[in-house]
C-alpha cells in the first residue's frame, strides 16, 4: 500500500484504521485486538487512529492491552491520537458540561495519559480534536511545540479546523502542523467547495478524512441512490460499494487519507480493495452529482 | 472609451461585448457578425467575451466565420475565452454527466480547439470557467503558465472563483492571474460584502462582471422596483435604465468591467451610454438599498 | 483597573464606557455628564466610546458641553469616536438614504466636526463605523494615515469589519489598524467560531465588543435561561448577573474590551465588578452552551 508523507519525519499508510469503536466490540481481548492489527498490517495499513475519548475513554486502554501482550507490533505501527474534548462521563463525575480544553496543562496531561493508556512511550501524531472557541493560541502552540521537542510526540496536527483556526494556531508555533482530520464523504461534500480542502492543498498539507462512509449512513435508505451508483461502479470492477466510496476520496488530488473503522475482521481484510479501484474524472463527478442531488453549476 | 489594464500586457475596453448568445441569433452569417463587431468597435468596445461552451460549442465557430471573412478585424480586438466546463451535448455523445476538466491535457486541447474554432492564432485572455472541485492546482497552474509561455495565450485568469480557489491556483503558478469574471448586478449584490470583490481589490485585480443586467431579470416584474428607480435616474440624465444599471457597476472603485451581451444592433450602439452616466455615492447606495430591499445596517 | 495596550501609543481601560445613549438621558447638563465621567474614572474606567451619529448627532455635543465646563477631565480620558455612517436625519434634510461615506473628504470633515463637537483637539482613536461596500481602500487608507500624521487622531481602527474588509484596508495603509469593535455577547456568539475573533488574535489585535449585554436583550424573557445561569453564578460570588456576562467576555484569551453603556450612575459604579469575577474554563463553556442552546459538537 502507498504511504503518504505528512512531513519529513512521518509517513502514514494511505488507508488509516480507525479505532473509534474498538472498545465497543464484543471481544476486546488483547488477542482479538492483535488479530485486527495484524489484519491491517497484512494489507500495509500501518497507521491507526485513536482519541482519548473514544469508547468513553476506553479505546486507548483496549489498544494498550494488545500492545502490552504483543509489544513487537508497536514498531510496525504509526499511532495517531487526539485530545481537547472533555466529555461528561461517569469516569469524570465532577465534570458538569462537555467542553474543550486546549490549555498547556491539559494537553500535556492528556498526552501523558494517552501514552500510559496505550502502553507506549511515543505518539506518532497528536491532534487537537476540535477547534476550541476559548483557545489561547500562544499557550496551545507552546504546548504542542514542547511535546514535539520532548520527543513524546513525533508530529502534531489538528482536526475539524477551519482555515482561520489553522492559521491562528500555526502562527503561534514553530513546528509545522502535519494534518487536519476533517469529515469528508459522499454524504458530506462541502469541503470540496467551501475552502476546507483548498487551504490544505495550498499549504501542501495532506488531509485525513473521518467518517469517509458517513458513519454507515451511506448504506441507509436515505442514501440508496448513492449506494446504487457505488454498487454499479463496483460490480463492474469486482469490488464492493464501500471500496468505491473510499476510492472516490483517494482519487482526489488533495491526497486524502481516509480513516476507516470497522470491527469486522472480514471487512478489515477487504479495506485495501479501495486502492485498486479505477476512478476517472467523469465518474468522480457522476458520484459527486448523485450525492449532491444536482449537477455542478 | 476608457481602457483598463489587467496587467502589463493586456488592456480591455471598460465595456466588454459578451458573445454568450451569438450563435442564438437568427442571422449568424459572417457579415452580420461583422456588423456587430464593428458596432462595438465604433464605440471603443474592443474586448469580446467568449467561452468554448457558448451556444452549445457553436459561438466560437460563428465568430470564427466572421474573422475568416474579415481578418482585418482581429488586430482591433481583444478576445477572451474560457474552458473547463464539459457540457453534455449531442456533440459529445459519449459524455455522461456535466463536469469540469482542469487537467493540463484538457486545457491545452481546449485552447487549441478555441483557436481553431475562432480562426485565430492567439487568445488574449483565457479563463478557467468554473472552480473545479477536482482541480490539481499544480497541474492546472503548469498548463496555464505553459500556454502563456508558448504565446498561444496572452494572459490567463479565472471565473467564478472564491478567494480560496484563487489563492490555491495562484500559489501554483508563476504567471499572475489577470482577472476573475464573477456575477455582479443589482440583482446579485453579495460580492460587495462577502469578500468576493474585497480580495480582488486587495490583490489589485480588476474583476469582470457577467450578467450585469441579471440576464434580463432586471427588466422582469419581480424587479420592477429596481427598474423603476433606474428609469427615474436615467430619464433625468437622458439615458435608459440599462445604462444606469451598468453605470452602477462602473462607479464602484473595484474597476469592474461589465460584460454586456445583446444581439440587437441598436442596443449595441447604445451600450456606451453607460459610461456617460453620473453616479454619485448616495445614488449608488439608493440603488443598492432598493435592490436589497432594506437599508444598510 | 487593568489597561490594555492597543499599540505602542494607546492603552485603553479594560472596560470602556459607551456613550451611545448619552444624549437620551433626561439630564444632559454638563454637571451631570461630568458626574458620569467621574464615576467611571473613580473605577479606573478611563476610556469613552463615541460616534458622530450617536444620539442623532447629539451625543458628542453633550460630551463637549461637559468637557468645556470641566476641561481638566480630558487629560484623564481616552476618547474613541467613529465615522462613515450617514444617517437620514432632520439635521441633514438633503440626505435621501442612509449610507456610508469612507471618502477622504468625508473622513477628514467628520473628524474635524467631532473635534469641534466634543471641544477637544485630539481624538485618541478614530474608527470606521461600518464596512462600506463602496470603499476605495487606497483613498480611505490615505485619509486615515494622514489624520494620524497630522496628530489630530492618535490611532485608527475599524468596527464591524470582516477579515476581508480588514486586510483590504490594512494593505492600503502605513499605520497599523488598532482595533476592530464588533458585536459580541452571550446572545451573539458567532465571533468565537466564524473567524471574526480568530483573525484578530492571529494579527495580535485586541477587539472591542459592542452590545456586550446584547443591548439589554440578555435581561428579556427570551433569554431568561441565560440570565438565570448568570444570576446563579453571580450570587455565588456576590456580584450581579451583568458582571458575570461581562466577565464572560473578559475571560476570553482574545483580550476583549467590552463597551458598556448605561445612564444609571449606580450601575456605572458597579461596572468594575465584572473584573473581579472568577470565570474558569468549564463555567465559560457552560454559559456558552446555555446561550447557544446546545452542547459543543
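Order as written gives the chain letters A, B and C; numbering starts at 1 within each chain.
Basically, a contact is a pair of C-beta atoms (placed from the backbone, for glycine too) under 8 Å apart; a residue touches a chain by one contact, two chains touch by 3 or more.
Given the structure is predicted, the values throughout are model-derived calculations rather than measurements.
Any chain that touches subunit A and also touches subunit B is listed here: C. In the contact between subunit B and subunit C, the residue numbers used by both copies make up under half of all numbers at that interface. When the CA atoms of subunit A are superposed on those of subunit C, the rotation angle is 120 degrees to the nearest 5. Work out the mean CA point of subunit B and of subunit C, and you get 43 Å between them. In subunit C, 163 are the positions where the chain touches two or more neighbouring chains simultaneously. Only residues 163, 192-193, 195, 198-199, 201-202, 252-253, 281-282, 284-286, 288-289, 295-297 of subunit A touch subunit B when the two sit together in their complex.
Those residues of subunit B that touch subunit A in the complex are listed here as 86, 95-101, 103, 130-131, 133-137, 139, 160, 162-165, 167-168, 171.
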